[in-house]
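Below is one structure. I have some questions about it.
Labels run A, B, C, D and E following the written order; every chain starts at residue 1.
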Amino acid sequence: MDPVEPSVGWGVLHLFYRVDRAAFDAEPHAGKRIVDAVASLEADGHQAVTFAVLGHKADLGIMVLGPDLARLQAFQAELAGTPLELTWSYVSLTESSEYTSTEADERGRLESEEQLAGDELEARLAVWRDRMRHYGEQRLHPKLPPKRTVCFYPMSKRREGADNWYALPFDARKELMAGHARVGRTYAGRVLQLITGSTGLDDWEWGVTLFADDPVALKEIVYEMRFDPVSVRYGEFGPFVTGLVLEPAEALARVGVATAS
Amino acid sequence: MDPVEPSVGWGVLHLFYRVDRAAFDAEPHAGKRIVDAVASLEADGHQAVTFAVLGHKADLGIMVLGPDLARLQAFQAELAGTPLELTWSYVSLTESSEYTSTEADERGRLESEEQLAGDELEARLAVWRDRMRHYGEQRLHPKLPPKRTVCFYPMSKRREGADNWYALPFDARKELMAGHARVGRTYAGRVLQLITGSTGLDDWEWGVTLFADDPVALKEIVYEMRFDPVSVRYGEFGPFVTGLVLEPAEALARVGVATAS
Amino acid sequence: MDPVEPSVGWGVLHLFYRVDRAAFDAEPHAGKRIVDAVASLEADGHQAVTFAVLGHKADLGIMVLGPDLARLQAFQAELAGTPLELTWSYVSLTESSEYTSTEADERGRLESEEQLAGDELEARLAVWRDRMRHYGEQRLHPKLPPKRTVCFYPMSKRREGADNWYALPFDARKELMAGHARVGRTYAGRVLQLITGSTGLDDWEWGVTLFADDPVALKEIVYEMRFDPVSVRYGEFGPFVTGLVLEPAEALARVGVATAS
Amino acid sequence: MDPVEPSVGWGVLHLFYRVDRAAFDAEPHAGKRIVDAVASLEADGHQAVTFAVLGHKADLGIMVLGPDLARLQAFQAELAGTPLELTWSYVSLTESSEYTSTEADERGRLESEEQLAGDELEARLAVWRDRMRHYGEQRLHPKLPPKRTVCFYPMSKRREGADNWYALPFDARKELMAGHARVGRTYAGRVLQLITGSTGLDDWEWGVTLFADDPVALKEIVYEMRFDPVSVRYGEFGPFVTGLVLEPAEALARVGVATAS
Amino acid sequence: MDPVEPSVGWGVLHLFYRVDRAAFDAEPHAGKRIVDAVASLEADGHQAVTFAVLGHKADLGIMVLGPDLARLQAFQAELAGTPLELTWSYVSLTESSEYTSTEADERGRLESEEQLAGDELEARLAVWRDRMRHYGEQRLHPKLPPKRTVCFYPMSKRREGADNWYALPFDARKELMAGHARVGRTYAGRVLQLITGSTGLDDWEWGVTLFADDPVALKEIVYEMRFDPVSVRYGEFGPFVTGLVLEPAEALARVGVATAS
């Protein structure tokens, strides 16, 4: 099976499943096969986050990501051979933000706001470059953390009448996104967010995955951002799915699937 | 099973089920298992309200709430093991209103409107603090009352063109919400309403649960509020579900599920 | 079973069913059970109108109404125990119009337009009061007539930008509704219409049920009203279902369900 | 079975079916029953056009029309007793256009544009009356032609903000529709179109059925009309279904249903 | 079976299937029948592209195109006889762009921009004619290339308020589309796009099929075009489906269907 590797970033599938309990009861090894499929995917250099979903949209969610779309499709096909029914999904790729500060932005800021020059300026820029490299690496090749709750939703930027994001010049969009990022940073540590790109790949333009130990933090960050000018005028949101992050075997147990045999 | 407890408020699941009668007939104890699951959830410090739903959206509704999202998910999973099919649901958290009067608001009102000062003013503020503490407690940790009918609907605030709630300053929103609350208070005793927050958790921003003995009161309060400026320009409403509140065994009997055996 | 009676008006369920023919063939008495359920509901002081639906939305429609929501729910549950599948429904309550002329309106009109006074005026008002009492009674406690065709659709008033019904003052709304009623009266005898209220109970604000012997009349009245200023700017319409009104046993026969055995 | 005959025009059902092949295999005579049902409907003075549908919306389409809605419902019920699953449909009535030229329009045009008078004028008007009678008859009681491809779609006129069809005076609507008709006439012979009315009967206001031997003509007429001012500002379109018109037995064969036995 | 051939261009069906694995397991030859059906369609002068779909919208996609709509319908019917369930589809015809440069456009450009005349001008025009003939032929009778990934989405041009594509004069539309084409050309070699027409045939006005070896290119071209004035104000997009292009037997194997027996 030839790999299909994006030239930049990783492939991401958010997969939402309903459990066919009668079929699982009839096939005692099916639960273990799912756990093994996740382990095998991870052994192949990909990541998986499993969660028990609250409400009717699904029983079980599995977010998988990594360098090879063919491997991710193979995982999806493997689970299609178990009594899990795929009820919703989202297809995206990790990507850098086009609106992050450039080195020129930062140099200008250090010169004008902090009045730096010479070696001091260069030293600070070296630190900044390191931090940005780490941040960029986290967006393109994220390591997903063991927070206890998760929510996922897709979104697009509005293109309607006077509220048309795509009609704005780049600098206006960059400034609006900078304000948005400032809100996000006030939740650093409490909420980890991953924005992945899906224009041309799925029905919305981006997928947003949020992780937090406290479910209140999921609600608060999205609510607070709704007052941010970017969301006020330009945010369009798809369905929201919320779940409890758990190890694969535990997630399956919580939705009624035994994995012991 | 480790609990997942919101740092503020309780978790709330509105669960709407279709009854698979053939499967219930084939499994005589299933009805009793549902009643037991409700009792067990309540024994664990959570609440449940059961109701027979009118119309095709569901046969049975169960609203469950309490401190532990993991316990609520376990309840959902337990019912998924019975012949009840989950057709719709809503996920939210109880929350305080950000627009309730502050002590400074009330002090100012007492000074200017009622011309109070000194001990008299402080005594009145103490009474006010008590009342507000009780009101706030009811929103965060409500005790659901045995009214005879219920309706549930999710809603969001509009963000469109000139009617953009999130573009309003806080004071304008607070004033609009105060008018809304005044309408609600005219139904005190007739209608009990619980507003729970779902931004970031489910597809709308809030869930509204109304209880009344007289079904006309459910219709009248929502109709009257539709003329309130907040709803006129900023209310967006999801689907409405209406039901008859009943004890669990009685609710099941009314939708055709025996619980005796 | 304790009754749940609205303090004003009656409960109304529009129930739309698909026929599971294989299941009916396997259960010869099911058709008769449906006819008996309708008869029993009517014996309990409620009404039922049965109709064969045209097109894919349903095979069979049953509109039931009367004083007790618990009795109507019991009817719905009884039919859920037969091979009829409930595919759509609508929940509402009969209600008076808030825009009907008041006695003061009529007195003013008689004085100014017809120049009446004294006993003559009072006599005319007495006649008017009788007519209005009858009209109001027909809206709250209608007796459904044996016309040959029926259509049902839910509707709401628009709340968008400059076309916001709920932002209009009462007098403007009353005047607009008076024009609407005038169109309705030109169909008196040809079309019988029943408007029921569903704000807070179901997804739209009102349900409209039209009966006519000539199906052309159903089309013409709705089409003509679409040019009426109320509908032009403020009418939002849900799905339309059309059917042939028939006695219960005949309606079942027409959709392929035998009731003889 | 008492007929239900519209006072003007005919009833029309567009019925779209999915084939349950396993069920057809198990019931060898089912295909023949469908062919017989069509023949019997035609023997009763109604028409049927059968077509193999392209794409997933259906396998088989059957458009039936004629004077008696009860007979059309009986046909629908008869097919419901076969392994055809009704997945979509449309209910309408044939109707005259309210915007056709009147004799006064034509007299005026002949006098002013062609400077006719006296006998010559009257002779031309007699010819015109004949043509219009034929055209009107074709709309109310059409004879459907054996073209090779068909498309069907429902549509409504827009009622939004500044683009509100129903707010236009009759003369403006008549003039706009005249332009629309001129485009239609340039396709005379290539495309046959039938507009039927469904306000109050189904979810859109009109159904449009187009027949052409060349599928390109279906695309071109709809595309060209989209630039016509009526469609530019006032056309709202529902789903489009396209199919290959075939004799009933041949249509069934093409969707995998044998009719020989 | 008489062919149904468009007078211009080819028929195109995008078919999206869910795999019924239990049924495939019960019918060992079904996979091979699908591969044979594709081969037979190609032997009849049509093309097929098969792909494994990412996410829940389908397991398998098959895009088929060629001169005869009857042959394409026969292919669809043949697959309906296998355990593939058709969950979505799109019907369109290949077509020329009405906005390509005319010879007069190019002559003018060569005269004014490049100051050419006489034989030199005519020689350049001959080259241009050749290139355009090839380009036009590729749109009407495309040869689909073996790129590794594919995405498909339908789209329409907006007709709303001030953003009404169909209200623009031809020259304005031509100029806007020329800008759009310039973006497309910057992806020459990386992305191959095929625009097919579906006005009057399916629910949107065009179908867009993009092929690329690098999935990032699918995302980038659609994202970049979203900033193009045509899309900013006039683009409306339907659902997006993404897949991995594979030979038929390999595509089936990847979605869990054996084709060996």
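Keep in mind that, in the parts below, contacts are C-beta pairs under 8 Å (C-beta built on N, C-alpha and C of every residue); 3 or more make two chains touch, one makes a residue touch a chain.
Computed from a predicted structure; not experimentally measured.
Undergrad: Can you list every chain in contact with both chain A and chain B?
TA: The shared contacts of chain A and chain B amount to nothing, since no chain touches both.
Undergrad: What is the set of chains touching both chain C and chain D?
TA: none
Undergrad: Rounding to the nearest 5 degrees, give the angle of the rotation that lays the CA atoms of chain C over those of chain E.
TA: Chain C sits rotated relative to chain E by 145 degrees.
Undergrad: Over half shared or under half: which fits the residue numbers at the contact of copies chain B and chain C, same or different?
TA: Under half shared, hence different.
Undergrad: Centroid of chain A to centroid of chain E, CA atoms only: how many Å?
TA: So the centroids are 30 Å from each other.
Undergrad: Could you give the separation in Å between the centres of chain A and chain C, each centre being the mean of its C-alpha atoms?
TA: 49
Undergrad: Where does chain E touch two or more other chains at once, residue-wise?
TA: Expected reply: 161.
Undergrad: Taking chains as nodes and touches as edges, what kind of graph is this: line, ring, star, complete or other?
TA: Graph shape, chains as nodes and touching pairs as edges: a ring.
Undergrad: Could you list the chains in ring order, beginning with chain A and heading to chain B next?
TA: The ring, traversed starting at chain A in the chain B direction, is A, B, C, D, E.
Undergrad: Would you pull the chain D residues touching chain C in the complex into a rising list?
TA: On the chain D side, the touching residues are 1, 4, 6-9, 11, 13, 15-16, 69-70, 72-74, 76-77, 80-81, 86-91, 93, 95, 159, 161, 164, 166-167, 197-203, 205.
Undergrad: Going by the contact rule set out above, which residues of chain D touch chain E in the complex?
TA: On the chain D side, the touching residues are 19, 21, 52, 54-57, 59, 148-149, 151, 153, 161-163, 210, 214-223, 226-227, 231-233, 235, 239-240, 242, 244, 254-256.
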